[in-house]
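Some structures are shown below for you to check.
Both complexes below contain chain A, partnered by chain B and then by chain C.
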Partner chain A sequence: MQFVSLSFLVFLPVVWLVVRLAGPAHKRALLLLSSLLFVGWISLGALAVLLFFSLLTFYGGLALSSASSFRKQLFIGLVLLQAASLLLLKYVESGNAGLHLLFHEAGYRADLILFAAGFSFYALQHIAYLSAVYHRRTVAEQSPFNFLLFSAFFPKFQSGPLEEAPQLIAQFQTGNARPDQLQAGVHRIILGIFKKMVLADRLAPIVGRVFSSGQVSGSGATAAGVCLFTVQLYFDFSAYSDIAIGTGKLFGIELTENFNFPFRATSVSDFWRRWHISLINWFGKQVFNPVAYRLRRFGVMAILGGVWATFLLSGLWHGIGMTFLIWSLLHALYLSFETLTKYKRLGWSQRFPVWLYTFWSTTITFLLVCFSNLFFRSADLSEALQLLRQLMTTPFGGKGLIAGFLSVLAGGGYQEALFNLGVTGILVLLFLILEKSLLQRILSGKGVWLQSFALLLLVFVFGIFAHSDYFIYLQF
Partner chain B sequence: MSHTLEELNKVFCTVFMKQDLVLTPATDASQVEGWDSLTHMVLISETEKHFGIHFTFDETMSFHQVGDILKVIDKHLRG
Partner chain C sequence: MYKKIILVLIGLVLLLAGLEKCYDYFLKKNVNLKSSYVATHRIGADVVFLGPCEPLWMMDPSRFQKYTGLTAYNLATVHASFAENEVMLRLYLEGNPPPKYLFLYVTTESVDGSFNVFNTYAFAQLLDRPWLREFVQREDPTYSRWLRLPFMRYAYYGNYVHFNLVQGIKHRWENRAVPYFKDGYVPPHGIIWDGRLELFEKTFPNGRVFLWNPKEISALKSLIDYAKGQGIRIILYESPMLNEIKPFVLNREEIKQKITKFAGENGAPYWVFDTLAISSSRACFFSILNTNERGSDSFNHTFANFFLDFRKREQP
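Then we have the complex of A and B:
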């Protein structure tokens, strides 16, 4: 069951109504039941894997809190088991033939990916929980039902946001959603549906004409496709997060914000404080801080060590392969450069008017992120190299503006195709300009019904109703 | 300004290369240009060197404002 699907459109109101009618005393039990149903709907295998790892982590946490000997070994064993399973999943997802040969079973890869739905996300949350219990930063959860609900909570099950057990479990004990949470939840879900169906899914075919299309285009269309992929990824994943956060609010549960207007970032380090925030916070706590702490005597090298460890592991988490490795190396390089030139850049910033420096640094940051995403989106290294070669050619590939640029992105030079491209461009630009005020209206509640009505109208006029159930981050 | 705060102020001025910084116990990262998650550990290391103490990992993670650092420094100095 996916967020933008008919089944979820039925599932969510039914669950909400049942939880509401049953009252706060039954909220936890009903949320657990509906979450298990949600996971089981995806695949019974996924449910079995979730139950196994959740109960293992729960009882592991209890053992860690009471054990007086072999604590360290137990902790390492529990973390290694989930990390190794995660690595195995990424290895199989990356399509390494060697492993397929081991199993000799057609369709094994697809089965395993279904079995592992949500695992990339809840495994990280389990590791953080075990680490907190081991280091005695939190008390082990005493209720297996609470812990299972923490792992399975359906709004965040498949692609986050990543949550910490004590904070989320505490919210399961609270009453039903307040009226302001209900209102914000509904409007946040509508905003997410708009972002997904009107923006991300209209951009998807345009991006697809540059990536994995087999056609060779000039540098203009290639650069536009690469940049538009970053915009598509933002709309797609932030739409998912909007729906997850909005759904949580309907049950009185506040999930972590995952995005904070990332295209307004003035440096790559600023970008990473605004993009997939819950994941970068996880890496900050579990990888960057411990590595930097151990290396702190080496001054700035401690930061660089932490950055490289963080991004190499983040690349591995996204997938095993050269493209993800290059993506992670690029970000480690960007952040290393920023760390080493931090005070020089502060000096430069004071020599220019604020608006000019902000404009340039925002543009450069966006382009650096887009360049790294060329590798993130490419199916393999040869595709990435082909796109890089295309970036070195003439803007329109020796043709005119329409034949060599617009019709490449539009999927043909017909008037209808060009019109559709223009509509998408206008909608995307308008949204990026207005998104802060749209979100503020949801927070304040002023004029928000009119806003949501307009967004829904745009969904019916310009929305793409095919393939809306597929979110990019479901593959990770 | 207490002696510890005065000394910590010197560390901040060196780490963030800003000689006119004036800290109070309520100063937090948003008020000091350059104090972010990346530079936090350099600040910790320089503070340790300056005062001749060693923070634990959990202590370094509990520093949200200058007052938090002052409390832990005083605790270590008292021995």
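Then we have the complex of A and C:
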């Protein structure tokens, strides 16, 4: 079941109504039931995998809290089991020879991916939980039902945000949503639907004409396609997070914010404080801090060690392959450069007016992120290299503005295609300009109903309904 | 808050219902929308060409009339399946008497079902016709499910509709009555080599086996039966294709024989023009199956002469 689908459009109000009518006493049980139904709807295999790993982690947590010997071995064993399963999943998904063929030939590959729905996200949450219990930062959860609900909670099951068990489980015990939460939840969901159907899905075919199309274009169209992919990814994933956060609010549960206007970042380190925040927080706590702590005697090398370990593992988490490796190395390089030049850059910034330095650094940051995403989006290394070669050619491939640029992105030089490209461009630009005020209006509640009315109207008029249910981050 | 939700929903439904009426009105005013145009304008041709883009960009009614003396109209639409062809014919017959002859383009590609589709959005403004709704329900059931909601008939394929709407508003403003296609024909002005041959060869380096798709065959039979029921003489034909592609169509002869047999069983001749000299030269094509202006000039002449011979044989 996907967030932007007719089935979810029926599922969510029904679950909400039942939970609301049953009252706070039955909230946990009903949320657990509906979450298991949600996962089972994706596939029964996914439900079985979820039950196995959740109960294993739950009882593992209990054992870790009570064991006096072999604690370390038990902790490492439990973490390794989930990490190895995750690695195996990434290996099979990446289509690497051998194992992939074994599954593929047996016709199981698609089933396996369905089997593992959400695993990438809840496995990380399980590891964080085990780590917290092992290091005695938290007490082990005593109720298997609470823990299962923490793992399966349907708004965040498939693609996060990544949550910490104690904080989320505590919210399951509270009453129904307050009126302000309900209102914010409804508007946040509408904002997410708008971002997905009107912005991300209108950008998808434009990006698809540059990536994986077999079409050779000039540097202008290639650069535009690469940049637009970053924008599409942001709209797509933040739309998912908006719907997840909004849905959580409807049940009185506050999920972690995953994005904070990332295109306003003035450095790559600033970007990572604004993009997929819950994942980077996870890596900060589980990878960066321990590595940096162990290397603390080596000064700045401790930070660099933490950065490289974080991004290599983050690349691995996204997928096994050269493209993800290069993507992660690029970000590690960017951040290393920023760490080493921190004071020098501070000096530079004081020589220019603030607005100029902010504009310049925001633009550079955006372009650096876009460049790394060329590898993130490419199907394989040969496609990435082909796109790099295209970036070195003339802007319009020697064909002029319309034939070599606009018609490549529009999918044809005819008027209708150019018209649709223009509409998409205007909608994207307007949204990026107004984004902050739209979100602020949801937080303040002033004029928000009119805003949601307008957004819904735009969804109906400019939204993509056919094939709109697939979110990019579901593949990770 | 619940009151506000209900107000927003009611307001939205009302606005969408109003918007649907606006779209209905202005799309019907767009004379460049062939589906609307043929249903509402008197054309009265003796001969009609039907099919996807190949006849649309190839069969010139004015030349056909010049060579044969019969008035003609090109009813073809881009990427159209046989089901869409039948809908176009039915719409045409709403405002016009049945033509004497109907030439339907049929090739290995069109019976496969992977290349041409039912372009539902082209008929969204005409869905007040129950028979058309039945077609849409059969050919595009997912779209049909959304039709219960206001405006969804336009929203679902919005990207294909908005430009037509803007054009409809412009045509209404200008009171335009003549479409850009005078007699349905769209000459391939300025269309350059599209590279589909290279793409096909790259995608299927060892060639491709085309399907004898039962769904397409059933739609073809339905179209033939309908035309015959209206007293129209239907003739199936295949225009020239570039010789370079033929080795990559592995079962071409088999499918050709099947079409010939099928046509014979259904009382329709099948003309195949695959040995013409133009087939051997890229200078006459802009794509695998589409002739450019030079190729079209040549083929229209050949086709008209072939038809005149056929007519002589049929009506000595």
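FYI, the second predicted complex is superposed on the first by the 469 of 476 C-alpha atoms of A that agree within 3 Å, B and C clash if a C-alpha of one lies under 4 Å from a C-alpha of the other, contacts with A are read in each partner's own complex, and residues count from 1 in each chain.
The rule we apply is simple: a contact is a pair of C-beta atoms (placed from the backbone, for glycine too) under 8 Å apart; a residue touches a chain by one contact, two chains touch by 3 or more.
Just so you know, these numbers come straight off a predicted model, no measurement behind them.
Once chain A of one complex is fitted onto chain A of the other, the partner contacts of A:40 are absent, as it touches neither chain B nor chain C.
When both complexes are overlaid on chain A, the residue A:452 reaches chain C alone and has no touch with chain B.
Within the superposed three-chain model, A:186 lies in touch with chain C and out of touch with chain B [touch as defined at top].
When the two structures are aligned on the shared chain, A:395 is found in touch with neither chain B nor chain C.
Contacts of A:423 after superposition: chain C is touched, whereas chain B is not reached.
In the superposition on chain A, contact is made by A:290 with chain B only, not with chain C. In the superposition on chain A, none of the residues of chain A is touched both by chain B in one structure and by chain C in the other. For chain C in complex with chain A, the residues that touch the partner chain are 1, 4-5, 7-8, 11-12, 15-16, 19, 142-143, 145-146, 151-152, 155-160, 162-164, 166, 199, 202. Looking at the complex, you find that chain B touches chain A at residues 17, 33-34, 36-42, 44-45, 48, 57-58, 60-61.
Note for the complex: chain A touches chain C at residues 6, 179, 182-183, 186, 202, 214, 415-416, 419-420, 423, 449, 452-453, 456-457, 460-466.
Those residues of chain A lying in contact with chain B across their complex are 135, 137, 269, 273, 284-285, 288-290, 292-293, 295-297, 299-300, 302-303, 306-307, 335, 339, 342-343, 346.
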